[in-house]
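So that you can tell them apart, the chains are marked A, B, C and D in the order they are listed, and the count of residues begins at 1 in each.
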Amino acid sequence: MAANAPSHSMKKLINNVDDLVPESLAGLQAAHPDLVRIDAANNVVIRKDAPRQGKVGLISGGGSGHEPMHGGYVGLGMLDAACAGNVFTSPVPDQMEAATRAVDGGKGVLHIVKNYTGDVLNFEMAAELVAGEIEVKSVVTNDDVAVQDSLYTAGRRGVGVTVLLEKIVGARAEAGASLDEVAATAEKVNGQGRSMGLALTSCIVPAAGTPTFQIGDDEVEVGIGIHGEPGRRREKLRPVDEMAEWLVTPIVQDLGLKAGDSVLAFVNGMGGTPLIELYTAFNSVNKILGGQGIKIGRSLVGNYITSLEMAGFSVTLLRLDDELTKLWDAPVHTPALRWGV
Amino acid sequence: MLQGVESWLRAAATRVHEAAPSLTALDQAIGDGDHGINLDRGFGAIVAMLDERPSPEDGTRDAAATADLLRQAGKTLISKVGGASGPLYGTAFLRGAGAVAGDHPSAAAAFVAALEAATGGIAALGKSAEGEKTMLDALFPAARAARASLDGGGDLAAVTGAARDAAGAGAEATIPMLATKGRASYLGERSIGHQDPGATSAALLLAVVAEVAGAAAADASGATA
Amino acid sequence: MAANAPSHSMKKLINNVDDLVPESLAGLQAAHPDLVRIDAANNVVIRKDAPRQGKVGLISGGGSGHEPMHGGYVGLGMLDAACAGNVFTSPVPDQMEAATRAVDGGKGVLHIVKNYTGDVLNFEMAAELVAGEIEVKSVVTNDDVAVQDSLYTAGRRGVGVTVLLEKIVGARAEAGASLDEVAATAEKVNGQGRSMGLALTSCIVPAAGTPTFQIGDDEVEVGIGIHGEPGRRREKLRPVDEMAEWLVTPIVQDLGLKAGDSVLAFVNGMGGTPLIELYTAFNSVNKILGGQGIKIGRSLVGNYITSLEMAGFSVTLLRLDDELTKLWDAPVHTPALRWGV
Amino acid sequence: MLQGVESWLRAAATRVHEAAPSLTALDQAIGDGDHGINLDRGFGAIVAMLDERPSPEDGTRDAAATADLLRQAGKTLISKVGGASGPLYGTAFLRGAGAVAGDHPSAAAAFVAALEAATGGIAALGKSAEGEKTMLDALFPAARAARASLDGGGDLAAVTGAARDAAGAGAEATIPMLATKGRASYLGERSIGHQDPGATSAALLLAVVAEVAGAAAADASGATA
């Protein structure tokens, strides 16, 4: 082992592995008692003032390890509840059932689901558990261009667009739209946004205790998801300008973006990459899009949908129009995103 | 059958716990590194459920009591596992429960019916088929082999042994497969060369069935000897 | 080398090492064109609408590698300009001179300086460069309880309190206070806040290319600063509840906090530690303070003053009163902190 | 003197560049790992300044021209280095410039005056003294040794040689010291056992002075031989 090779065993700010998720949620509540409460029996983060009568309830959820997603997005103008599964493991139907019941204000509930078999199945089962009692619709995000879309496979993963969708659809729900309208906006956002990511390092699932994959000092995994998994292919580490091209080009192609189009550009860190690098990556993305005449109408830079302490980044582009821009700009007040209030 | 199923669930919990690290390691290679953890949590919860569960009321039919136990085990898996395997295995148990509740000429026949129903349930829920590099690649061959053994007059030990062998071979056969379902599908060509964790756990569960059934048979033959 | 030991050589999202700081600043500007502009000749981030006549100008600065500090704190209700040095190297007087001139609105300029020899000397020289032209006062933050305070040494380091001070003093300046008043509030905040931190890993200064220190798989450095340096002592990794005690206890003692006191509790990540862990650490801090009857009146959790990609966390406690609470709650709109607007 | 100082600055730039990784490594141990990088940037900028700088106007006194060059070098360090060493070394050069501008009986005397002024300037700006594990622990002994050599009739080669030797010994003597100034002070007892990077770079700069002065002396003796 090289003299200064850092640790590869697990080094985390935790007590017992089994307590990580509930303790982290307790910390979220302690830090934001004005915004959220926790249903500790179900590991559900609930908007403080839920249920709000006359407002469509929005819930999401997924495995933990993606913080601030989803618990950090509960609050005014975004989610009404978020279900936290174990690390990288979809929550169970009981959790989504509890969340759905907690947020229903009589106008129905939208389930925002990322396209992973586990998430889809567990949300579906939850919807069955409240069928006939609460009207539920679902939107399944599947924005990851690294994976080819196909009817015959598990399809594309839901990644960065999920964050943007929760914000935008949250604004629509806050404004009093019906469940059908909210669901339609959700489908629109999912249809207009695409993402792709790469990893510089792996990460350690606490209960596993070892890195999910091994990677050389000069290698990157391109086309990763958000579960610490390896990507579609392995490449040599290159200057960030070039690596940003690897991510931006397939997205631009998939969305068919042209000169004059306006996008929300979202450069997301995978959890262990500091802002100095993320802004450098944003600079690369800005240069690439600028070179093609694509306008950055709105932007978001930071660690918003993560894979524990993985180093790396993803790029999400969302085609903007007036409606989406207005909904993006609308007030939001959650632990992780806040403006206009 | 009730006793046999309970023994199986308890033995499975022990074996899943032992195998959890290796199942997780398989999932690290082509998934997200939690399959062993997930199943261990689920079967741990099943044991807790077994410990607390009142014995069936006197006079309950064995088939009904067995179905009820399997149903509770399935619900436990659904409530505790999460991920893809929670709903899939949970549904398998619920379907298995439905199948054993009916009239069967023998425990072996009930087992085959349950295995077939479970396998079909997973395929329906998962919108998946054989050859996609999932647990189904252990389960479908196992169900076919069990049916063939039963048709050929096999007793419970023979039938479960056939299922075990076919499931083991099926799990191994996932190695060269290209995944089209589950997380491994995201890897494309890179999924080739790794054994599917779900197929591996399915084969393990069937190996424990055969073990328990074999032990019961040995006991029985010992008793009659 | 263990089979899955991760890389220890440099793996960052950068182009050329020498371009990192300017490119990262360019990214900041591209992402927040409504908030900041960059003086690229001097690597200074300037509030878009500076200078604001009749408002005291606030500038800060320091080595890069602490992002979002300081450039991410430029905007309404916080800094007017931030000078970015090379990584972990104080900026030079020319930069602070340019910043001071850029933000002076006729009411004088406050220099917010962290107590490191380099920062103090370079800011002093800059103040001399504008002496007679612009009235300059300085506040030097020195809140790190890991170091014993003494007239005969370099003294305590300026760490987490700097972030809180920039926010609070920014609100005071925004409200039209005089330079003396703004400086007095700055001294008050510095006097009422204390911090301490620990590291799980080292970090790699880009121009050096190797980790600043080596550390075992089960070791932590306690009493670190924010420059990737080792701390006062090395300990074995312990549950976060216990490690939080190591940090909170000296702070509580140094501030003389008692039951009934109210504090702003700030749990800060060193750059590579994800939010799931930071909220878990906040939960520990909350339990410790709660056990002593100390009330958390306000809180902040996240990566706000960092050491590149270092894993670890620091705790800052600021004794609150009505004045500071009101200033903390006042509107702020910067790339990294935003509320009330 | 002008020629000698320019040669020194160029040679120092080369040697600082070569030594940068080891200076940075020393700073990684008890500082923040940038000292070599900082000085390399600063001396690189000095060379660029030298390359662009017009020759002094005809008739400029050598002392005045030398002082001007040192002043520009000091300003360059202040504008380019940052950190603690930028203002400290920059101020040292400015003070040295002030000292050489005066009347001196010899180049050796001018050197000693400049070294003393530089050392005092650092101490004043840094509010530091000998024994605090800083560059002053190379510079103060060097200034004393140079003065003693000059008082004993030493020429430039002897005086700079004495400074070099004392600075080298002084830098080594920082190893067992407890730091009370600079970043190393934050480490408390853990600062003990490491050589101070600033003392090391100061010793290096003085070694280059001696080298250049020695070479000049050899040239001169070669020329008169």
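Simple rule for what comes next: contacts are C-beta pairs under 8 Å (C-beta built on N, C-alpha and C of every residue); 3 or more make two chains touch, one makes a residue touch a chain.
Keep in mind that what you see is a predicted model, and the values were worked out from it rather than measured.
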Grouping of chains that still touch (sans chain A): B | C, D
| item | value |
| --- | --- |
| Maximum centroid distance from chain B, chain identifier (CA atoms) | D |
| Intercentroid distance (Cα basis), chain C paired with chain A, Å | 28 |
| Centre-of-Cα separation between chain C and chain B, whole angstrom | 55 |
| Gap in Å, rounded to a whole number, between the CA centres of chain B and chain A | 33 |
| Numbers and ranges of chain D residues touching at least 2 other chains | none |
| In chain A, residues with contacts to at least two other chains | 210 |
| Contact graph of the chains (line, ring, star, complete, other) | line |
| All pairs of touching chains, each written as two labels joined by a dash | A-B, A-C, C-D |
| In the complex with chain A, residue positions of chain B that touch it | 24, 28-34, 37-38, 41, 78-88, 125-126, 180-183, 185-188, 190 |
| Touching residues (chain side chain A, partner chain C) in the complex | 1-9, 11-16, 20-21, 23-28, 30-32, 64-65, 67-68, 72, 200-202, 210-211, 214-218, 220, 237, 239-241, 243, 267, 271-284, 286, 296, 299-301, 303, 306, 308-309, 311, 313, 333, 335-336, 338-341 |
| Residue numbers on chain C that touch chain D, as the complex places them | 63, 85-94, 116-118, 121-122, 124-125, 146-147, 152-154, 157, 205, 207-208, 210, 212-213, 225, 227-233 |
